[in-house]
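Below, chain A partners chain B and then partners chain C, in two separate complexes.
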Partner chain A sequence: MATATIPAERISAGPKRSPSAKKRRDQLRFLPWVFLAPALVIYSVVVVYPMLFSAYLSFFRWDGVAPKKIFVGFQNYVVLLTHNEVFWIALKNNAIWLIAALLVPTSIGLGLALLLNSRFRGSHIFRSIFYFPAVLSLAVVGLIWTWIYHPDLGLANQLLDALGFKFLERHWLSDPQIAIYPVILAATWNAVGLPMLLFLAGLQTIPSELHEAAKVEGAGRLQRFWYVTFPLLRETTLIVLAITSINALKAYDIVYAMTNGGPANRTQLLSTWMYFLTYNYNEVGLGTAIAVVLFSLTLIFAIPYIRLMTRKV
Partner chain B sequence: MSTGAISKNWEPREPGKSASQARRAPQVSAKVAIFYVALILAALIWLTPVITLVLTALKDAGDFAVNGAFSLPKSIRWANFSEAWQTGVGNYFWNSVIVTGIKVPIGILIEAMAAFALTHMHFRWANKVFVYVLVGLIVPMQMTLVPLTLLMNALNLIDTLTGLIILYIGFGVPFGVLVMRGYFRTLPSAIIEAARIDGCSWFRIFYRIALPLALPAVVSLCILDGVATWNEFILAQIFLRSDELRTLPLGLVQFSTQFSTQYDQLAAAVLISVAPVMLVFLLFQRYFVAGMGGAVK
Partner chain C sequence: MASPYEDGGHALELTPALMAQYGVDKNIVPAALDLARHNGKLYGIPVWVRPMTIFYKKSLFDKFGIPEPKTFDDLEQACAKLKANGITPIACGGKFSWMTMRTTDFLIEHFAGPGLHDKLFAMEASYSSPEVIKAFTKLKEWVDKGYFNDGFISLDPNESLPLLFQDKAAMTFQGPWIEDQNIIAAHQDPNDYVPIIAPADQKPVRVSGFQEQIQFWSKAKPDEQKAALLFASFVTTPDVAKKHVSEFGSPSAVVGVFPSADHPITTTMVKWLQSGVQLYLPTDQALPQEIVNAFFQAQDSMILGSLTPEAACAQIQKAVEDYKASH
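And now, the complex of A and B:
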């Protein structure tokens, strides 16, 4: 872009106008920074600097109050990996959560988008209905689903009772073996809307002529999806998978509202366990080390996304 | 607005198609009926949690204890709402209004300025700065909490709404810049160039030309950002300590541990917190799509 503008400027900048043009160019060199300054300053202070400082703190043993931090190298990470059972529970829960998030809300979202992309009477209402849980806060979603899972009064057990599956009834959120799954189900309810919306936006960019042409060639519904729709949704799919995985790893409020990590720490995630270690046990070094692990995991899924977002510049 | 969009859909869109449908009427209508029944059933199941919430909020505690959540209320009890409002939810509500009302406009202004510089000011570092900002989209909140606690402590901003608003503005920058940049990129640079040639200053171009032209993106961002701010939990949880400053999501979770058995009031409280979001969603839903589209473009 820069190379393209230089000749044009040379032509227009005749001898008479050259000083002002130079002044203008100098002004332009620093003026963008003025426009950027408010956003960049507050973002750097609130997000970037704390992030780097957290990474630094993860190499120290510190309770958050004492004037002296003790440098311990990678010991916090070693402690987490070898002496911290809950860390592994949290990591496993994060993995289950991530796999569930990559498979379930994305497929439901794609299915709904395909279904609701065609215009029929009331398609807008159905779009709104299926998107709606996505606008609720995760704390609220957690509270609502906590009632559903209530052992006596909750809908889940009442429904099982009514359908004659009494033997399936559980104390959903206080059974250490299974408690994480009901939480994930609640989160899924909230997580379907975004993929659906993104897939709908993606589907709208596919020209209908392609489908018509495939139809003329005798392609069935399934073939048209597989050979026309799906390849053209590749980029959307990539974005959906990236955003869902990033969001899955960020999960926090819903666990806090539903189980607070319990019973017996069986529903801890890296994010909630970080909070416990830092703010309840004053283990700042261990807490920040977990945050670094969490960030590194997120980065794996985010790199393709960031590359995609910046490629088209 | 939504009802308008719906009623438009009730009229046949493609006369050619409806004619061909008429020819095979009986078979098609059976198919259509099954399709609608299946879809309506799915929608009802999907909304069960919300329906349960509304039903619980409308009945009294005894009714709930005897008949459970998923039964029609014996008599509608509006007092649940006023009682919840008086036990603190009203206070949480206004705190959320203050935080969202201050954060969103300031945030959008600085995000739009930054995005404008990145797209139309022939800025050599534009791409690098954009990547730097994008990183913020993926940073887990946990990665910033400890240093932020130290920082806020040093600035005496712990347990103040001002402090929380500053944090929200900072964390909002990446998404806001992403959306606004996506939109500004579609503005033809010829408009900006023309204004330059007429001697318009960059600030004037931004304020008088670019920003008004980007109104759809601004509205989308207002809504998405407003909902996100309204719903934010973790920063509020860490940085607000006293009960009278709590925002809604935080207040509700506290409320639920405090009044864990009063489901009727709790449900009413949740409904109060959801109502504004629901309203905004129903009125402006097309902007959700537009905003997300801008983020992806």
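And now, the complex of A and C:
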């Protein structure tokens, strides 16, 4: 069997850099760009250009089809901030949605992940059951829950009635003071699955020896969770919170399906109000101005998330 | 709704010469052509006409001995009697605001009359007129009396229909499409759902309605435009429209075309149209969408009690004035 021998001087000094190798390396430096170019071109055309064009349109008054756009500078932004009552309702609803999304589905997801992480008979079935709502599209979730909240024929009121809590019956989606909360509850039902799955994956990377050691040291369940599990889930938690925040700001379809932004625009979110102004009411300038505001808000959560995900190990 | 395309020069204008050349003037019912005109000009060939009016459930009315409403007073008496018997008088799905708007429009037609109603659409009269305020006040009164189903303001129109099917409600403000899409599909007898000319007590007799039309791109090549016009002209020829009415849908905008005998609702509505009952556009098709937005917001806010009728009307009028100032 033939063996290759490496000269001693190459082991000590590393490979020799000949001029032709340098030239070749310079050529190769551009190779990744060649491979990336098709994706970059498509991304630029279908994502970057429409985004920049939307921002450009936010400086005009335009109905979407007229041949002339009237330049109005920052007037659309001024109108939004000073004259458009619904914009503030939508912003407030987005804030409520965001807080609820950060607290409720993440906590429930973590709780379920902790329960389902322990091996017991049928745990796989329970994982599937709890993850199932996340598989449904939000439009379908919206339809299901719209019927649950139906004032006369819906499950919610009939169940309250049957359980003797008739006084708790409400017109869930038509009471302007509370309508946003039933929608958030429906969205929560759908949103629990993803954090549960991510936390479950995170929990399974924690070595059991750490828990056993803590147990030997006399740590109780709560202490083991607080001092062992939770710190080791830090990275997963950050990812869950970032994804949840971005999804909360992107929420659109469930509101569209359940309330259409009503009653009297009380459940509008920035995304739905952007859509209504642009496509229903022909106010393209105002709609795209909301798009810019929403994009800026999303960046607050997206930038740390992207930095975390692209961090070199 | 097509007005931005027409104002933007995207839709081909059908001049009187073109109308005559393609038989539009003699094949299409005048009510449909009137509805299709924008600023006095025609930009398409109407294919369907959709009147929207009050339907009542005959078996429920018979059960409580209520006669078919012929006047506005009859209608109010019917509502009161139904409510007293535990039946919701009007099933409505107000989630998109336009189904509630049909009742608001009817009340404006009743209190303001066709003349003022048309002036409102032309933005030549004020929404703060006493007649419009009366219409909004009446709407609020009906809501407060429980004449609409519980929580109607957030229900999808299709979620309100089961109330009629289950004898929980007796009337609804709808169009002819419910005959196939809802009533027959739910295995209900269409003869039990009777459309009436919503009793506005006004002359000329009008109901709400809209038309759907085939439009032509003004910048298309001349031979493509001609081909499209020939096609639209062909499908609106009475013989062709009659032959294909069941596949093509109805009520047809074509003169003398009636639906099949198993469609009593659509047949009744076509008879109205062919006998000269006029149509007025619903607000969301008559006014620029920026004002429609304000109308829906004001109407729904008033129903929820956060605006008085006067304030709701003032809010709509402000939107009209803002629109006029900026255009």
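Quick notes on this structure:
In the analysis below, the second predicted complex is superposed on the first by the 280 of 313 C-alpha atoms of A that agree within 3 Å, B and C clash if a C-alpha of one lies under 4 Å from a C-alpha of the other, contacts with A are read in each partner's own complex, and residues count from 1 in each chain.
By definition in this document, a contact is a pair of C-beta atoms (placed from the backbone, for glycine too) under 8 Å apart; a residue touches a chain by one contact, two chains touch by 3 or more.
What you are looking at is a predicted structure, and each value in this text was computed from that prediction instead of being measured.
When both complexes are overlaid on chain A, the residue A:48 reaches chain B alone and has no touch with chain C. In the superposed model, A:265 makes contact with chain C only, not with chain B.
A count of residues in chain A touched by chain B and by chain C gives the higher number to B. After overlaying the two complexes on the shared chain, residue contacts for A:64 are found with chain B and with chain C alike.
By the touch criterion defined above, A:153 reaches both chain B and chain C.
Of the two partner chains placed by the overlay, only chain B lies in contact with A:287; chain C stays clear of it.
In the superposition on chain A, no contact is made by A:111 with either chain B or chain C.
Overlap of the chain B and chain C interfaces on chain A: residues 64, 146-147, 150, 153. Chain A makes touch with chain C in their complex at residues 61, 63-67, 86, 146-147, 150-153, 171-174, 176, 179, 259-260, 262-265, 276-277, 280-283. Residues of chain C touching chain A in their complex: 4-5, 7-10, 94-97, 149-156, 159, 162-163, 168, 288-290, 292-293, 297, 300-301, 303-304, 306, 326. Contacts from chain A toward chain B in the complex involve residues 1-2, 5, 28, 31-33, 35-36, 38-40, 42-43, 45-51, 53-54, 57, 64, 115, 119-133, 135-148, 150, 153-155, 158, 189, 194, 197-198, 200-201, 236, 239, 246, 249-250, 252-253, 256-257, 270-271, 274-275, 278-279, 284, 287-288, 290-292, 294-295, 298-299, 302, 305-306, 309-310, 313. Of all residues in chain B, only 2, 5-6, 9-10, 13, 36, 39, 43, 46-50, 52-53, 56, 64-65, 68-70, 110-111, 113-114, 116-118, 121-127, 129-149, 151, 166-167, 169-171, 173-174, 176-178, 202, 206, 227, 230-234, 237-238, 248-250, 252-253, 256, 263, 266-267, 270, 273-274, 277-278, 281-282, 285, 288-289, 292-293, 296 touch chain A in the complex they form.
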